[in-house]
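Both of the next two complexes hold chain A, though its partner changes from chain B to chain C.
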Partner chain A sequence: MTTITLRLSDLVIMAPECILLLGVVVLTLADLWMKSSRTSIGIGALVVLCGALAAAVVQLVQETDATVLFGAYEADAFSSLCKIVLLLAACGVLGIAIGTPNETHAVGEMYTLYIPALMGAMLLVSSREWMTTYVALELLTISTIVLIGMRRAAIGKEAAMKLIVLGGVSSAFLLYGISFLYGCTGTTYYEVMASRLDMGQDASLITIAFVMIVASIAVKIALVPFHAWALDVGAGAVVPVAAFLSVVSKLAAIILLWRVCVDVLFPHAADVVVDVLFVLVCVSLVVAHVLALRQVTLLRLFAVSGIAHAALLLVPLIASGTRPDVDAWTIWLYYAVAYVLMNVGAFAAISLTHTTGTQPHVHQFAGLVYRAPWTAVAIVCIVLSLAGLPVSAGFFGKLFILLDALSQREGTAGIVLAALIVVGTVISFAYYFRIVRQMFWRPEGPVPPSSVRTRWFAQTVLWGSALGSVALGCAPGWLMELLAQLIAHTVVS
Partner chain B sequence: MTQTMTAYVLLAALLFVLGLYGVLTRREPIVVLLCVEVMLQAVALNVLAFAKYGGFEDVTGHVFVLFILAVSAAEVAVGVAVFLALVRQRGVDDVVKLDTLHAERQEE
Partner chain C sequence: MHALLAVPFLGALVLACIPSAHMRAVRVVGVLWCCVPLAVAIGLFVQDDTGVSYTVHAPWIAWTVGGTAVHIPWHVSLDGFSMPFVMLAAIVCAVSGVAGFLLTKRWKAFYVLLLLLTTAVFGVFVARDVVLFFLFFELTLVPMFFLIGMFGKYGRERAANVFLVYNGIGSAVLFLAVVLLIVHAGSFAVVGTPTMGNSFTSDYAVIASNLAAMPHDGMHTVLFWLFFLAFAIKLPVFPLHTWMLRVHGEAHPAIVIVHSGVLLKMGAFGMLMFSFVLFPEVLRGAASALAVGAVVTIVVGAVMACAQKDVRLVFAYASLSHMGFVLLGMVAMNDNGVQGALFQLVSHGLISALLFFAVAVIETRTQTSDIASLGGLGQPMPFASAMLMIGALAALGLPGLSGFVGEWLVLVGAYDQWRTLTVIATGSVVLSAVYMLRVVLGIVFGPPPQKHRADVRTIEAFPMVFVAACIVVLGVYPSVLHDVTREATKTIVAPYEQLVDVGGGV
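Right after this comes the complex of A and B.
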């Protein structure tokens, strides 16, 4: 009989999450007792995120490669990198949130609740066991539901209600799938489960469980047959929360799918799972772009276009077929960084030009170049990256994914994927450049002068992502080499 | 699979499908939430059946069920709070009438 003890050295391995946990407790108490101003809580949350970011970077530099709690939690180079990406994205989201007019019932919670949600996302990245995965996933979902539901307008609560019901049903399917895998193997650890699963004996049961698991994670990512909730929930949330949903939640779910596929699903039923994912990704790539053409409210537009980007992020996984090599992981990480930069930047732009009390609409950009020319320039950089035009992070990200799909998947599958990526990109020009057209070729609309210039945090986020996108577009090789070098020993081992 | 375990697994499957049917057809928000719970508890029953009759020596399954219960309780707590706030604000308790984001979608 072994006893489980959690030593101090274990907590050091989990340092990024521990810092977030401490931070959220301190900030909540400070918010209760000290009647601090809203902005100071927001800045406090930003400091906590920076602390966790520092811890994650230190782990990455020290090449920490350790497991805690019998391997339920693993800190390796890849998960540290994913955490850094998620933390940077969350910093951007908080930057957007600080200084927005308060549209919620809450005071400080609007900032502090991002931290447990992010903690869930980070645990999800490191989790190598189903119970941990489930708890992390629900921590992420429930915190996000509260963030959405705190909006004063009724549509916020409606969006939260939809996410509760849909999240609940998809969690139930995930758990139902897991319960059969547990029934076949008697364990919940990915690695042990993969070694004990026996396709010869209970093939149909295992296949059904796998399909349930893939489908329920696809709901969380909002791949196409399961995408309807993402539009409504995105539109019902306030702008920073919509940004969090479309960047942090989505990336965390995609990382979970990669992890689960590579560790548990691919060793046993790679062909079935890859076929299911192939269909989902192809349909998502087409339908998301076509749906986006019809959207005029910006939050819906970005909720839909996020689905197309998410589908792109799954292409390296299905292209590799069985076990993704270093290249696939590197390409994935590169596009994840690009995705974070361009989407956080886009939401910062929406937030900066948005008038409180209305739904963000594409008309809010009308004549922006006359009001705030430099902001307009930054937005153009981000739109270029989103559309995937040259000298931007988005362009090289798409190019790498396209080339990977063609080289890894021979035959029609690779060509179909590549063709769909190209066609989708062309369609996306139509809706992304609507924003540019509004900014430059429309007279200043009935939009009252907003505080575009005075919101320093959101401006910093906007410029940071715009410059980051351009920099990554100018020197893509630098980041690719760095990423490949960092994760090389993780993936090989 | 022993006969007892098969019976439990079938019961769990029945409950799961019943819950799913409820989520898809009922219009009262609270009943929808209850149906989601029925689905989650069906999973708990499934795990327990495997843990008890599957011939495994450890208590993984039992612990898993505790986690499912605790997390779904947290989910319901948030769910009921949001539902009550929404129903009070809108004055209707019918998920079809509460769905205005859907109407926004139609107008476009």
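Right after this comes the complex of A and C.
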């Protein structure tokens, strides 16, 4: 038994997470000792995120490809890219949070708690070992539970409670599944486990374990039929936390599923796992859109529509039926970027027009074009991207995913996926354009609107997402080429 | 040629920057800017009226990873096939821009959206790349949705929603078809690499030549019908036409001018370019069924038009009927049929623009489009009445005006293959006289109205005269258009005729 030592050089490899850890400690102490204003803590958190972002970018540029702790943690190009996406999303969420009227018990924690949650998400990306994965997952979940529960209104407590129960159950299933695999192989490292698993000997045991793992992660992603909690929890959180749940948590869970599938599950039971995921994705694509049609509360609406996007993000994983190729990874990353842009933008829009003390409702957009015409234009760009209309990142993301699904998979499976995506897109027009209708064709409501124009942080986030979406729609090839180059050598090996 | 795309887009940007408080400036700049693309299009037309194409082919989006390369080139081309459509679009958009003067509010939004729409429409007609085509096709959806929903009568929002849902379904089907097409027939050899088959392109020319070389299989049939369905909603073909009635009935006439004048034509353009040209073998099997569909559309449109009480709905059903003629000409797939269909498209675009401009003029003065409450406008509004009359006569196919030439060519083209159907279609021409004259008689003649009705202003008269002149010129001297489309029609028809020759006739 070797003693595990963590050297300084190892910490450098883990720099993005380490910066976050340091930052959260400093910020928490600063919050306690200094009578600093709320906003300055928020800006401090933003600075910490930018530091971590810089570290991740440096790692990406230097083509860091190293493992720490006997391979439990790996920093390669793909994980760096994922971290950059997560960090950018978190920056957007913080931008929304800064300047949002406080609806919670907390002051500084409202900002500092995002950081450990994000750290959990980033560890998930890099983890190559089950226990690390589990700890990272719990770090993410527990931090978000606190974030949700801090809301003053009772609905927040209820949502936190639901997440505790459901998160706990799904974690239990995950651990149960892991324990089977550990029993078969005697290891918790992905790579070693994959090489030791023997389908000839323990086929049924392994299959059960795999299905349990997939199901528990599906709960985290909120794929149908494990989706019910997502609506209530999404609606119970305050707007920035709901944004965090819908973007960062969801993406992290999807990345986890990719990682686990590619490293452990696919080499042994690709057919079973792909079949299970295929059913989940198909059902999610249909049900999520239909459910979304019935929602008028914005947070519920975006919680459901997020499920549909998540299902879309899983299509490249299962399109080939075996280990996804470089194309699939690239397309996945492209749509992940598009998803971050459109969803962060959408939540920024919700936050901007939201009147404190009410549930965000689609009526809050009424007559926005008369008050703030340019903001309305930016929101239209976001809606176009969400609905997958040109010229937007969402459009090309969908196009790439469809192309991939149809070219990879012969026969009906690809066509079924493509047809469902397309049908879902049409249904989604109906509910996304409700927002547009409110903005342009409805008079302003009786409720005095919040000041839209003076909220600079949220405005910056909104415009950043809107322009980013349009820019990616105008020149999608640029990002695709860049991503493909960056991850080519990592994924192939 | 890129000026065609750049000018209206720039205009939209410039207009967006003018504060909407400066109403006069917005209107003047808007109207003038709508006319610039027309000038550009006329310039291109005059420079080169033989139909030789301007083409730009440049790499646009491409990514290569592993063994697979996907190329989406920026391939735009202005040839004899797209030239008439581009000219039509330029004229109709300019006319619509002038008709925007009759709006009562929100001019800025109108002109910005109209110019965006114009950009997208030009894009649709010049794109020679499947993805690019789809992109522009979708782009027309959004401005049109806003235009319908923002301006018009009480039911405009519902009309906009119905428009979005129907066309959304069409776009979705098109999306699926486009992706399937690329995957099925887009493979090509990248220069410098020996492997063939795992590189894909969305270039129309490559796909067309690949398809021609491929043996016919089930996928071709699927693709043909997917494309047909997508564009049949747009054209529209009975029974997929209900959305178009709402738009005609509820939206502001200035918007109906663009909608009926250009957007419906995109359906025909796409159907010809994708369904019929790419899959001649499938068309051959389906031609008779489609011809029946076309004639049903013609007859239903004509009969329904006779029964309407609202001028707009009469014209809407008339459009349906005329689009049936276009479909008939296209499925005939011979020189006369396709030439006739193209001619009919241009001619109908102009006639629609004229008729709805007249409706706009009349509606702004009387606040109604109900035939029964109008009447006797010939005396107080002689000019508008005359224009309405010219439009109506052209629509019913009076020789000497443009409507006649198109319908005649289509009927000649179809007669060889389906005699009975052609005779039935010809019968509907009689009906068209019934419904058009009923409208004209009801509005122009009869006892003059009690209230004072002012005749047209100069700004209103100008576009009407221009369009009417175009209609007359096309009717008297059809070669203006024929010379442009002749060569293009030959290339369109060639694969089908070859097929028919080999197979020994239909």
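The rule we apply is simple: the second predicted complex is superposed on the first by the 492 of 493 C-alpha atoms of A that agree within 3 Å, B and C clash if a C-alpha of one lies under 4 Å from a C-alpha of the other, contacts with A are read in each partner's own complex, and residues count from 1 in each chain.
The criterion applied here is as follows: contacts are C-beta pairs under 8 Å (C-beta built on N, C-alpha and C of every residue); 3 or more make two chains touch, one makes a residue touch a chain.
From a predicted model like this one, the values you see are computed outputs, not experimental measurements.
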Per the contact definition in the header, classify A:Val423: touching chain B only (first), chain C only (second), both, or neither. second
Which holds for A:Val169: it touches chain B only (first), chain C only (second), both, or neither? first
Determine, under the contact definition given at the top, whether A:Gly477 touches first (chain B), second (chain C), both, or neither. second
Partner chain(s) touched by A:Val296 [first = chain B, second = chain C, both, neither]: first
State whether A:Ile145 touches chain B only (first), chain C only (second), both chains, or neither. first
Thinking of the overlay built on chain A, is A:Ser284 touched by chain B (first), by chain C (second), by both, or by neither? neither
So, A:Ala154: does it touch chain B (first), chain C (second), both, or neither? first
Can you list the chain B residues touching chain A in their complex? 9, 16, 19-20, 23, 29, 32-33, 36-37, 39-40, 42-43, 46-47, 49-50, 54-56, 58, 60-61, 63-64, 67-68, 71-72, 74-75, 78-79, 81-83, 85-86, 89-90, 95, 98-102, 104-105, 108
Interface with chain A, chain C side, in the complex: residues 60-66, 68, 70, 72, 131, 134-135, 138-139, 141-142, 145-146, 149-150, 157, 161, 164-165, 168-169, 171-173, 175-176, 179-180, 182-183, 200
Residue positions on chain A within touch of chain B in the complex are 130-131, 134-135, 138, 141-142, 145-146, 149, 154-155, 157-162, 164-165, 167-169, 171-172, 175-176, 179-180, 182-183, 186-188, 231-232, 235-236, 294-297, 300
What does chain A use to touch chain C in their complex? 325-327, 330, 380, 384, 389-391, 395-396, 398-399, 402-403, 406-407, 415, 418-419, 422-423, 425-426, 429-430, 433, 436-437, 440-441, 475-477, 480-481, 484, 488, 492
